């Protein structure tokens, strides 16, 4: 419980995360307006772009431990049991990301009259945040993790979608019926890999 | 030769430097003494053109730092950390610094040898210990064989052998006619090495002159320092 | 002049010594040719059954996939100056070392721009050669070889994109925000493209107008002549660079 509390405190006091959340929400509202004006009536359309905010959010949250003052040393000195610590980190991030995801999902779907799709979108965005956090933990550098994630989500995956759609982690953003299993599997694998590395690595 | 004339610097609402005036002469080690936050680093950053003062001038050999054509051949500077990007190796860091002032790559190996980092030059700077980072920073400062050395807390993070080496090294540099300005909050250390002392407190210069002159009737430089600053503040701690 | 040459050499060295820059170099160089190769059978079929009515932009169009390269290069050449050097001195940044070695700030920015142009142009020339050769080999009969002026325009677009990323990062001093914004906006259906559906003025946004230097078949509400397009994009880059340079000149390091 104390680990959860400590991790929560660390996350909500990071200014870069608050800024990311704010920019993402603003961009979603702007795009929801723009796509309505352009006559594109899909409540999930804006999310296709602003999920980038969740990729950044997750990567920053995880990499912040390893940048600047190397907070991870302080963390491990006060909470040396690494696997429970990693579990607490993941749970805390999910708890912080979920309301943010719900707000963005609502901003995107409600104006298009598709409020019914908001819960699924919230779940997808939360999973995406966790996947990005796993990448951040593995790479320990926010910038590198962001480049890699965005290169996948915005350059490579769209070009591979026609053939490999059901296996890509982001297909669920457009078509939940086809991509949900892939989203879950990618996130689970990434978290397991990151947890294992975090457990074994010298801090 | 370093001449700083009535430099004032404000950051936000805080006045960090008030009319700072000081001089460091060739062939002498000048110690810049003050507590944490007194304005030592701010003064050196203005001197090196990193920060802009609101008023006043800071000159090295008669020129503003940013007007020097090949600055590292005139001034060698050691500030906080090594200045190397954490993902770069020490050798790669020194190579780009050398290239920026048109110095031959062979110089890099020479200074690595001087500071004793030849064996670790292939490691990334982010993996360096505090002491190694300081040595890397010093190596960069020495690249251009400068006539003036400016060092901010040079012995921080060095082990006793390193401190002893640094003391001998800086004395030898001054003996060769170089100007050495170093800041420190370690008074005993400074008393061992400095010819001249400048005391800064809360952004103001309180005293400057030869070591004996500043120490005056007090038993040690430390006693003199606390006597000077106590009249100003009524006891800092 | 020699001082400037030294500074450019140092900046090229610095850029090529960064792991994140290599991520940009690798992704930007390999992605476009790889996708052209993978998609060749589908593209051939699409030309045959008329889904792609006018194939004259194929090849040049695919260069856009690699734009992540110049974007990463333009961002990290600035953001690397601001990342902390290590755990023991979290306030220390490479910028201190850079300005100590090269204190003339505007000259430093010019040297960085020159280094960036050199690296980005080399990458663009390499990718353009690879993609256009692949297109000719794989789809030869269907796709005409584009005129040299259009290829040059595509290389120019690539270099201007790097400079745009450079200018924006000078303003933000942080790499993640501009990287995210630029890469998200470089997708097939970009935000800028979406905006052209809302207002015709969006045609003059830098990425859209720049593409009109060499793309013929895109569906934009207003056509801009190639030379005008090049001038407008250059104008964007010049204005942003001026703002970035003014801030960099005034701010404490």
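Order of writing sets the labels: A, B and C. Residues in every chain begin at 1.
Heads up, the rule we're going with is that a residue touches a chain if its C-beta (ideal position, glycine included) is under 8 Å from a C-beta of that chain, and two chains touch if they have at least 3 such contacts.
Keep in mind that this is a model prediction, so the values were computed, not measured.
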item	value
Each chain counted as touching subunit A and subunit B at once	C
Centroid comparison with subunit B (C-alpha atoms), farthest chain	A
Pair sharing more residue contacts (C-beta pairs) when B-C is set against A-C	B-C
Inter-centroid spacing, subunit B versus subunit A (mean Cα positions, whole Å)	45
Rounded Å distance, subunit B centre to subunit C centre (Cα mean)	41
Chain centre separation (subunit A, subunit C; CA means) in Å	26
Residues of subunit A touching at least two other chains	none
Multi-chain contact sites of subunit C, meaning residues that touch two or more partners	19-20, 83-84, 87
Complex contact set, residues of subunit C against subunit B	2-3, 6-7, 9-11, 13-14, 17-20, 80, 83-89, 91-94, 96-105, 250, 252-253
Complex interface listing, subunit C residues touching subunit A	19-20, 23-24, 27, 31, 35, 39, 42, 65, 68, 72, 76, 79, 83-84, 87, 90, 175-177, 179-180, 183-184, 186-188, 191, 194-195, 197-198
Partner subunit C, residues of subunit B touching it in the complex	45, 48-52, 65-72, 75, 77, 79-89, 92-93, 95-97, 99-102, 125-126, 128-130, 133, 140, 157
Subunit A to subunit C touching residues, read off their complex	16, 23, 31, 34-35, 37-40, 49, 52-53, 55-56, 60, 67-70, 73, 141-144, 146-148, 150-151, 154-156, 158-159, 162
